[in-house]
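Multiple structures follow.
Shared between the two complexes below is subunit A, which pairs with subunit B and subunit C, respectively.
Here is the complex of A and B:
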């Protein structure tokens, strides 16, 4: 579809246009260096130029905590609560976070589709924005360019004077209805380069990981890892969850609650009787990396790491997923040279 | 972004809401284990295979994966032999017939009985591993003509912890069953064999190519049993293992039960040994 142009001076008007017609979620500044997706009220508070939001839009489709059912202990009956479609416009989503939504869709909608996720996901429309990679982004290494418009209904590409607007779907066209934009014909500005890279194509990464199961990097990383689970918490494709019952103080009713869980936490694999199947931090680290680059990739044909850099940026111990993977690649290549 | 929308035909049934079933009988097996007989709503069949599990739900307490102990050949109600080891099973231990419990499932692949049909069936069960294996044992006994020999090797920590003692006694007398039992530590009046479960295997006379084995027991047991079976010359292709993990959701969504890349609630809990050769976390 044709491109048009949104001048910087009209960005506020554009946000007003959207939020008078829809619920709009967009990035807001939350601290000196942190940003978060929140419901817009003041258009001037929206930040379309941002490095990354702390948590992705995942929280709107898979909330950190949600009720799976309410139960009545007097009658031993349970009912599933009404789940509402999100029905909103997500303005300013980066390409890697849209790729992550696709991964979540895969987990919750293939096989037996899950009602909660499916209902909540209805009516989500995405306006993607380009970004300038910072020292943590490496999405290019997993095939997701900052200009990648996949998953967007409308995509905004940064231009010195404003934003180049691509309308990609009928829903996207509907979002712009009543907000006239002049056409734009010139090519997009060259995108900035990534400074972080995984130096190997995805297809051979699976093979390298296969051979790196006993690599010393797992134990070495475990020495500094605090097993705090922050990497799981901030990951836009981590979907593992725990389920626990809560009983009301009256003692006669309660609810079954689902909350995010993380494979880096020791209790993640614990079963009744005390057996922990991934007891060592090293095994948990390996599991996390393999889930992103091998297990789920083998099953779905695409990497489950989208290169956002959040796990590295947020790690209290300074553990870098890029460093781990590159070390495995380097050592595998050295090994190959020796055996060749 | 395009998304499957709610359309007729797309199954969107509530994955996590249990059906309310009724406990119809409670039988104490040992100090720690109890056998529960459960009737599904309307008396419908659970529709399971030997080796499958259900999620047992007690509102206010939670949910736990529990293996099914009865054979699908015994119609009507189903049974679960449950050890008191966690929060849910502790509460359940106080339940009497007439109480309602939530059930989801059956889940998992179960034992592919067709791989055992026409063959000699070797069951190796350690401790509470006998509970799911009892489903297969009774399946074979109820359809005795469809199988060759039925060899049961059962190991327990002590003779006071032996499960289903009435059935063990019946197997001992039954000419259609070759039953072997050992305990790690016997009480003073134990007259049987003492030693770990692997000590039962070397003495077995097996028609190797014609014997198919299923193993279930505590995590530490598998690698020793597999080594011993290999040592006897039983091909890996003839060995199945039923593995325990934390099957939380049962429907392949929550991530807890993974053995490397494999979801136990989807691909297991019964694994063909050649298939788990690549799963380093399995044994």
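Here is the complex of A and C:
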């Protein structure tokens, strides 16, 4: 579709234009060195050049905590809270986070669709932005480059003087209605390169993992892993949760609460009766990597890791998903040479 | 309710901050009192009783008299709950265990030291069976309410056993390590809604360790963020001195 140009000096006007008709969520500064998606009130607080946000836009469709039902034991009744569509514009989303939304859609649509997620997902429009990969991004290795427009309604590509605007859907065209932009006639910017790579085609990674079930890397990683669960909780494609009933002190009413959970946490694998499926941290680490590059990939043909680098960037123990996977690949190749 | 559970509240070596936290339940205090009969509570009333359905006990055990009293309380109680870091883990009191007991006694009581027999500080569970824990320094109020409700309703109570990082990530905080701080969140038991890191403060570990902490890994992590190894272990010992006795060779 049409390509036009948004000068840097008009970015604030553009955000104001979006705000007149829509709720706008966009990256803002969080803390001293981080960024997070927030509802925009001051357009000047929006940051379109950022390495990554702490949590992805997942939080708007699958909230970290949500009430699934309220119950009243006096009347023996239960009601589900009204779930509203987010119905908003997400400005400044990176390609890997849009790829992650696609994967979550798959998870929540397959089998019995998840009503709360699907209702919230309605009315979400995405304005993607390109980014410059930092030392943690490796999305290129999973086939998502910084300029990938998949999933965007409008895509903004960084240019020294502003942003090249691609309108990709009818929804996108509607977002720009009433905001005139000159057609784009400038040369395309040079492509940015990743410094982090996984050195193997995706289709053979599942096979390599299959053969790496007893690889020493799991125990070695477990020596430094603190089992804090951070890698799961910052992952844009992790979708596991826990459900607990909270009862009021009066003992006659309460609510059923859902919150994010993660397979690196020991309690996650504990079931009624006290059985723990993956007692060792090494087994949990293996499971996490298999979930990202094997189990779901075998079923869908796509990696469930989008290369955002959050798990590595956020790990206080310095564990790198790229290092683990590359080590398995390297050892598998060495093995093949020996047996060949 | 015809027979409301009889509740008693006791304190040992501690600052009584956990009991104060109970008195501070301003919004819930009347609801709490409607569910139970409080039959003994030195900090708030004069009455005494012989038997208790639930005893909430604050403080660490640090004198021979403490040991006698906790046995007595245990005998009279159907359910015994340790309240707060001192009762659950020995708390900051247990730092004294890192020094020879006679030195500690002389330092604190000087020439009157022979009047005050003292023991290494112990969590309640080192002496009697403890049925439940409410962790934190002071105790986490939300956790007390969850346990209280479970006990009154006769339901199971699931003690949290995940790191502080879990709630910290749910709250989408910037990791304080990013700000050059040293945080014990990764091995400290959550359930506090990461209330310190929510306000930009680092976790000092007041809720004790998770059940299977990777201590060597945590010390390495702290060291990799700029602490000397000795300093890293001291940080871990602040609230965990009792549990870490003999852990580091």
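In the analysis below, the second predicted complex is superposed on the first by the 337 of 340 C-alpha atoms of A that agree within 3 Å, B and C clash if a C-alpha of one lies under 4 Å from a C-alpha of the other, contacts with A are read in each partner's own complex, and residues count from 1 in each chain.
Simple rule for what comes next: a residue touches a chain if its C-beta (ideal position, glycine included) is under 8 Å from a C-beta of that chain, and two chains touch if they have at least 3 such contacts.
The structure displayed is predicted, hence computed values, not measured ones.
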item: Residues of subunit A touched, compared between subunit B and subunit C (which is higher); value: B
item: First (subunit B), second (subunit C), both or neither touched by A:77; value: first
item: First (subunit B), second (subunit C), both or neither touched by A:247; value: both
item: First, second, both or neither for A:69, with subunit B first and subunit C second; value: first
item: Touching partner for A:219 - first (subunit B), second (subunit C), both, neither; value: neither
item: Doubly contacted subunit A residues - partners subunit C and subunit B; value: 244, 247
item: Subunit A partner contacts - residues on subunit C that touch it in the complex; value: 28, 31-32, 34-35, 145-146, 148-150, 152-153, 155, 158, 161-163, 165-166, 169-175, 177-179, 183, 185-187, 200, 210-214, 216-218, 220-221, 224-225
item: Partner subunit B, residues of subunit A touching it in the complex; value: 68-69, 71-73, 76-80, 98, 101-102, 105, 107-109, 111-115, 118-119, 121-122, 124-126, 151-153, 169, 213, 239-245, 247, 254, 256, 261, 263, 268-273, 275, 277-278, 283, 287, 290-291, 294-296, 298-299
item: Residues on subunit A engaged by subunit C in the complex (per definition of touch); value: 30-34, 36, 54-55, 59, 64-65, 222-230, 233-234, 244, 246-251, 259-260, 262, 265-267, 281, 314, 316-318
item: For the subunit B and subunit A complex, residues of the former touching the latter; value: 1-6, 10-18, 20, 59-64, 83, 85-89, 100, 102, 219, 244-246, 248-249, 251-256, 258-261, 266, 280-281
